[in-house]
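All chains are identified by letter, namely A, B and C, in their written order; residue positions are counted from 1 within each chain.
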Amino acid sequence: MSTDNTTTKRLLDLNLTRNLLISLAVLVLGVLLLESTDRYTNTQLSSLTYYAIAAIGLTALTGLNGQISLGHGALMAVGAYTTALMLDTETPLPFPVVALAAVVVTSVVGFVVGIGAARLHGPYLAGATLALAVALPSVALYFKGTFNGEVGLTVASPRPPEWFVSFIDAVSGEFATSSKYVAYLGLFCLIVALFFALNLRRSKIGRHWRAVRDQEVAAEIAGINLGRTRVQAFVISAAYAGLAGAVMAVVVRLAAPSAFTIVLSLSLLTAAVIGGLGSITGAFIGAAVLVFLPPWVTSLSTGSGLSDTQAAQMSPLIYGIVLVLVMLLAPGGVMGTVTTAWRRARLRRLHPATPTQKG
Amino acid sequence: MLTLSNLTTTYGPVRALDSVDLTVETGRITAVLGANGAGKTSLLRTVSGLVRPASGTVTLDGTDITGAPVESMVHRGMAHVPEGRGVIAELTVEENLRLGARGAAKRPSDAPAPVRTLDDAYRLFPVLGDRRNAQAHTLSGGERQMLVIARALLSRPTLLLLDEPSLGLAPRIVAQIFDLLRTLVADSGLTVLLVEQNARSALSIAHTGVVLNLGKVVVTESAEVLRNDATLRHSYLGF
Amino acid sequence: MNGDIQKLVNILLNGLTQGIVIAAFALALVLIFRSTRIINFAQGSQAMFTTYIALTLLNRDFPYWAAFAAALAAGFLIGALLERVVIRPLEGGMELNIVIATLGLYVAIQALAAILFGSDYQSFPSPVGVNGFQVGDTNLALTPTSIFILCTVGVVVVGLTLLFQKTQLGLTMRAAAFDGEVSRILGVKVSHLLTFGWALAGLVGAVAGILVASGQFIYPSYMETLIVFGFIAAVIGGLDSPVGAVVGGVLLGLVNSLVSGYVASGLVTLAAFVLLMVVLLLKPGGLFSSAKTRRV
């Protein structure tokens, strides 16, 4: 028994180390990207960080635990508004504290919703979260005093601290603007989110999630509490959405209802689906598509003669079509298709003489 | 009337039917017997088109119907009473019957039909007439069996496929139903392919008995021989 | 009439009219759910699209009834097309995939409408007047348009009931919805009926879309709240009961109107959400579902 424990411990350490290394690698990659690209791309990369954070949370919820949510845009709004409100003072708390607060608040909201959602499946859950997504913005509009209605709350650009300025100067000799600082904040949050997600995947919690998704009855018999697992998954994904909202608030410098429509929730879902439900790499891929595809599509459209407003609609049109096509042709998304193809190739290499299955 | 030739049906790696050869003679009752999992239900499902066979053919009155869509079968004069009876529980007795009658639309008008109209069905099974507006799920097992037989007969079939009609029914009711089958065949020339676990009852009305084991045909004999040969009975039929 | 009573009467009338339209939309959802066990999230976008088709014809001086009929026909065809091309290949697969597919259609159709017809608010006419009736010296919140809406939905409900209960087609549709395999054995062409179910739902949805638009302004996302309300109404009614859809719709309309009138109009969607959660948690099968308990 004790050998079991030490082996397990060692494996855990191995996994932790591995995940730490991956996270650090992504961090280094992020820094390289930020320092070697222009300002515009930096802004895009900033957007990428919060979309990726939200997508990771959503892909874990839907891919690992099987729950679908159309309300994560609204949850991002909770994080964003919390952040905006907390930063709206003379001496704001440091961003990590504010972000943590946003995560906590959104998790609480996620908990409440999750308790209701835990008993729902598939389309019922989708419909209920859709109703939430439609209802929540109206709360912001109703309490005009606190949330400033349609206009929303502006977020002041944070001043980059001295050590950051020196760091950037050392790395690339550039001057650290607050936009760059904000991009790094996003990157940092993303790394933290990534690290947690990597650990979650392999952990007992992750396995329980998958068990509940795949074989409810068997999981229950095995002693896994279905409701608790579902609520847990919902809360954790809400935490991610809250963090994403916090980052979004400082990057976009605004928290307003118009930014958190159903289209946002559906975009997040699109990102998770395109990348491959349940895959962290997929979440990155999906977020990248979300950030880099629309401007390209819009410029292509205006180039072909569509008006500006029409061109702006091309992105959601493509999202919708892509969602349908992915479901019809490659429901596993990019990572799912890649994994299946890789597995098939491996199988073929290991068993070259196996005939194709009959019937 | 019905010929199965080298019929093989697979579900993945499992061979539910393995090179089955079987002939159902017109105007006779052919009983397909065997233990659970022997392939009896798969046989009926393959014949009626719910499942595509991996190889082999099914021929009905000279026409190859292998792989033909199941929806076309009632028009060809084949009625299938599936495993579990197939009562549509949320519909009323009369609605179930009307669905059956609908299947007679494309049948030639000279097709033998002991049950032509709903009233014929109610005359044959008075209990159905009493309960005609009741939802089908309120019927007892025996009443449901009568309902699905009547429903099948309303489509004016020449061939009736029955999947374990005696399942879950009291012996008295089983006897009633089997008596009815015997009468229908004798009076109207109906052909019946009867799948049963209750070999004794099935053999009491059948002309031919076919025993399946693990998807293969192990015995094809006249029912009389099967009834009287104790060794065969003990080996394959458990009585 | 006493001011408070007048207010209450108007709130109830508003609620009734709103509710009837929600009911019409909920009916479309129920039609599809009954036959395919799918909740079609794209239903609202389809209805919006067919309304725009009607508007295009109206702007070219086609008579109202021609435009109305064209919208219905378009709704029928689009519903059938979507079922054959998108839904059929996915049927029997993972439920999540179908949900995502209908969501994709929802987004795509809405964006397409914005591209083809523009995102600006456009006014959609009503075939009858939009001014409230006067009883003595009080203005009722009942207009000829609301009567038109009530009558149209009434015709739809009666038509559907007759179809399902009195015709053979309706019988086969119900049979196919309850037990597809047995129906096939009985010779019913279930796959054709599935397509027909979606086509019919598209038609009913088209009716709802036009009714909502009557005398109002339309824009590509104008059906969005109705999708949510329709879903809630259908759930309250017990997703496979047409009667339930109507009752649920009227109930929700009344609740919405009461909240709007007595609490705050901005909190209507929140109230509706709360109502939905209450129903889903306490009586998940809805108020009118059949004997079998439903897994939500």
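One rule holds in what follows: a residue touches a chain if its C-beta (ideal position, glycine included) is under 8 Å from a C-beta of that chain, and two chains touch if they have at least 3 such contacts.
Quick caveat: nothing in here was measured; it's all calculated off a predicted structure.
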item	value
Chain nearest the global centroid, as defined over all protein CA atoms shown	C
Chain of greatest Cα-centre distance to chain C	B
Best-connected chain pair, where connection means C-beta pairs in contact	A-C
Approximate Å spacing (C-alpha centroids) for the pair chain A, chain B	57
Between chain C and chain B, distance of the C-alpha-averaged centres to the nearest whole Å	44
Distance between the centres, which are taken as Cα means, of chain C and chain A, whole angstrom	33
Multi-partner residues of chain C (at least 2 other chains)	none
Chain C-facing residues of chain B, complex	48, 50, 70-75, 80, 82, 86-91, 95, 98-100, 102-103, 137, 151, 155
Chain C partner contacts - residues on chain A that touch it in the complex	62, 66, 68, 70, 116, 119-124, 126-128, 130-132, 134-136, 138-139, 141-142, 262-263, 266, 269-270, 273, 277, 306, 309-310, 313-317, 319-324, 327-328, 331
Contacting residues of chain C [partner chain B, same complex]	168, 171-172, 174-175, 178-179, 181-190, 290-291
Chain C residues touching chain A - in the complex, by the definition given at the top	38-39, 41, 86, 89-90, 93-101, 103-112, 114-115, 118-119, 224-225, 227-228, 231-232, 235, 264, 266-270, 272-273, 276-277, 280-281, 284, 295-296
